[in-house]
């Protein structure tokens, strides 16, 4: 490098900035759209697989075990059981939540898979598997086609669900 | 080598946008069809391999989601390439060569419509000296096209005729996206998009999926009356830097074609993955194909170009014609990367 | 071209970079070349000796380069040669090595260079792993946020005492001190300092979590003829296996997934292993969060279900135990995601080649390399040995 | 989070932006190239056969042999191929019609990609001479080259 005069004694460049932005139009697909439209009406619509009889929520278009579409819509309850959870205390670029928060796997009554949801209105150290929780929705005038309609889940005050009722999910 | 053949091919409708479905929903019927049309139970598939890329849809791990559409339970032996699925077919063919399995499934797909494809493809380039300039895919192709024009061996008229012929051939292809009668004189009067390329010189932007079943030896004969035997399968890559490459001689395609034995027998027809019209001229030269070879009876990538599947579709289209007895020996190619950087050649024969 | 059927394959060259949080001294090409040229040097080869290149990495959003192998072809001497790019999520480093092996085993090539890398400092792993998805609140915070509930389930199911995770972290970080390439070198670490570290994703503590690293790993895989002519001890491949299962389905056991069980049964069978705990001398297992060591001990049939944590507690997985696990320091000391699986495969090969230096297990003859990815749904494994299979 | 949802028949869609301020380490060879651009010179690297690569790379693109023999090359050269952009895209370096070109600088044996601000397609021709125009503010980046312009 030394033989190039202009480079002698100058601070070398070692890093470059290469910002990139790509804009997309995300399409939810048929099954997810059906689910999202239900959310707009405060309905949680799962989908049952004819192949295995299992109810998926949120539906993603397929029964992954059989590799076939799920197309029978089934309404499930907006309350369920915490099967497991995590207290998040880490920050990252683009994060929307304030730390710490509790992210739990919630098995809604009537569903065969647990979905991720926030748990609030209780101290996070009291969250535990078996806890019965219910969805807290945004105000009716704020409802739209998004899972963000469910602000979070809160304890129902019911007794804990017995392990047998959610054993397959832990 | 072990004798391996294509025994089944299926593809989705190809369209500018299939907004009604997500990737899984687009793929699932294709997977069902490729198995069902030869009565294959999924448990007989010994290896599965797919090709796709996250950047097109703007979703990380898209191949993880599409696994939902193939019924991977009990757990399956499976792999994925971040390449056109023609290379997934290559990986599956290698697994079949090991002699432990007899049937493999390959699929590829992309939803290109969510993003701005020419912008997205700039992200494939050298991230220091090329990508920050955002040189879109059509512009880069135009650089190669101009270099070819400068050799004096082709013309914009020849390219218009290629576009016209391809889209006329596609009229017989129910899955094709862009088809019909285009008079070369009329389309040559169009404005340039990026000179020397006009709109008709460019591939359509396509959403679509495709799948193939490969089988070895007697299993292939059991599953197909006339399997399309793979007699040569080779791929090579060139440097990405356009400034160090010979843009008018696609060395990687020449090398792959020669290693695959394209010229060791008469070729009845070719399915060339040449997304831009002028690339058909380059591909024919690199493979040494004469005027007697029918090119792209399906319409080729100028009629539908589902990224990450279009190369696999070429192999499938060629195999379907062999299986139907419409020819005895064919060549199919796949290309990816700016200006045909990486190429795969597959020679197929009936018996 | 060779005859039909499966051919023998061996590792004769291994290279890795110094792993670090940000390798600001090298370009992307420089990073992969550092590993690849070391592997070639170890193999006594030059770029022109190589027939084909197989490269792997995790999602392209990490570096913001789509299909970066297209740009890296020149840097890896692949011009004019076949090059494949594998991507199977976190297991990719392992599956890349398996694809490279199969090119030799299938009789296609004699000398294959395989490389895996990640340069996570170009962006930020947490960002790349938690890209926004419309219509969904961004609840799950990266891989830790995803796996923490399942770790909690494991703890509940197995009744493992809560200090097991810290014991694994202590062991691996201490092993890492013996590995000059490891990203984290923490000589002052203690069980107390681990237990006092912050809960990031409760029950996962900061010190029980893998770092985010820049790094690469490479190997040269060759056929029997070339390996026999090689002056150094080759690592012979005795078995390779991959398994995938959907990440989300009703009744899925995500603590002890069947994909991992089936994959390990398959690879043991190929290697003629009937008692893995007894026959395997050491293992390099993909443990990004310390609790995965006991979980994988069960999944890999080294321990009965619910008893994996006892191996950790008894010291069986320490360098002086009966099944040393992650003598290199493992993923807990270095995690260039795309390369992490290949590092496990390469470290297992280093053990049976007796080239692991200070973290060598005396007399290791048979070793397991393991990687997993996605929602604990993609598995790749190999068994390598000092003797020909 | 994008929530201006639009409905296309049965199926919902929403805008999605993937954006990151990537920051890349250059390594010594590209680092020298970018340092050169900031200082107003163009740096190449010599291969073992004496030919010069611009932009330089740490490796020979044909043989992968390591390279580090840096040399300075000229700031004008010839266009080896070009493409005329009739309607620039939003992310393109210029917002009026321009040419992409591969430009072989004097003293270099390979061509680099950049743009030629020629005003009109009629001024473009393979083999034409072009001269480098520096950006007003230079930081050590490929965009330190504002463009090339036809010589004379």
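We just call them A, B, C and D in the order they show up, numbering each chain from 1.
To be clear about the criterion, a residue touches a chain if its C-beta (ideal position, glycine included) is under 8 Å from a C-beta of that chain, and two chains touch if they have at least 3 such contacts.
Predicted model only: the values in this text are computed from it and were never measured.
K.L.:
Both chain B and chain D are touched by which chains?
P.N.:
Joint contacts, listed by label: A, C.
K.L.:
Which of the two pairs, B-C or A-C, is linked by more C-beta contacts?
P.N.:
By number of C-beta pairs in contact, B-C is the larger.
K.L.:
Comparing centres built from CA atoms, which chain ends up most distant from chain B?
P.N.:
So the chain farthest away from chain B turns out to be A.
K.L.:
Just give me the whole-number Å value for how far the CA centre of chain B lies from that of chain C.
P.N.:
Each chain reduced to its C-alpha mean, chain B and chain C end up 33 Å apart.
K.L.:
Give, as an integer number of Å, the spacing between the C-alpha centres of chain C and chain A.
P.N.:
28
K.L.:
Hey, how far is the Cα centre of chain C from the one of chain D, in Å?
P.N.:
37
K.L.:
Compute the distance, rounded to whole Å, between the mean C-alpha positions of chain A and chain D.
P.N.:
42
K.L.:
Give me the residues of chain B that touch two or more other chains.
P.N.:
Residues 19-21, 55, 58-59, 67-68, 72-73, 114, 119-120, 123, 127-128, 131-132, 239, 241, 244 of chain B each touch two or more of the other chains.
K.L.:
So which stretches of chain D touch two or more other chains?
P.N.:
Within chain D, the residues that touch at least two other chains are 1-3, 5, 8, 10-18, 20, 22-26, 30, 34, 57, 61-62, 141-142.
K.L.:
Which chain C residues sit where two or more other chains touch them?
P.N.:
24-25, 27-28, 61, 63-64, 74, 79-80, 124, 127, 131-135, 137-138, 246-249
K.L.:
Draw the chains as points, connect those that touch, then say whether the picture is a line, ring, star, complete or other.
P.N.:
Topology of the interface graph: complete, with all chain pairs in contact.
K.L.:
Would you mind writing out the residues of chain A in touch with chain B in their complex?
P.N.:
My answer: residues 16, 18, 20, 22-32, 60-62, 64-69.
K.L.:
Quick one: in the complex, what on chain A touches chain C?
P.N.:
14-15, 18, 20, 26, 28, 32, 36, 52, 54-56, 60, 63-65, 83-90, 92-97, 100, 103-105, 112-113, 116-118, 124, 129, 145-148, 168-170
K.L.:
Hey, which residues of chain C end up touching chain D in the complex?
P.N.:
Touch residues, chain C against chain D: 22-30, 33, 37, 47-48, 61, 63-64, 74-77, 79-80, 121-124, 127, 131-135, 137-138.
K.L.:
Could you list, by residue number, the parts of chain A that touch chain D in their complex?
P.N.:
1, 3-4, 6-7, 10-30, 32-34, 36-37, 93, 96, 144-146, 148
K.L.:
Hey, which residues of chain D end up touching chain B in the complex?
P.N.:
8-11, 13, 16, 18, 22, 24, 26, 30, 33-34, 53-55, 57, 61-62, 80-86, 89, 91-93, 100-102, 104, 110-115, 121, 126, 141-143
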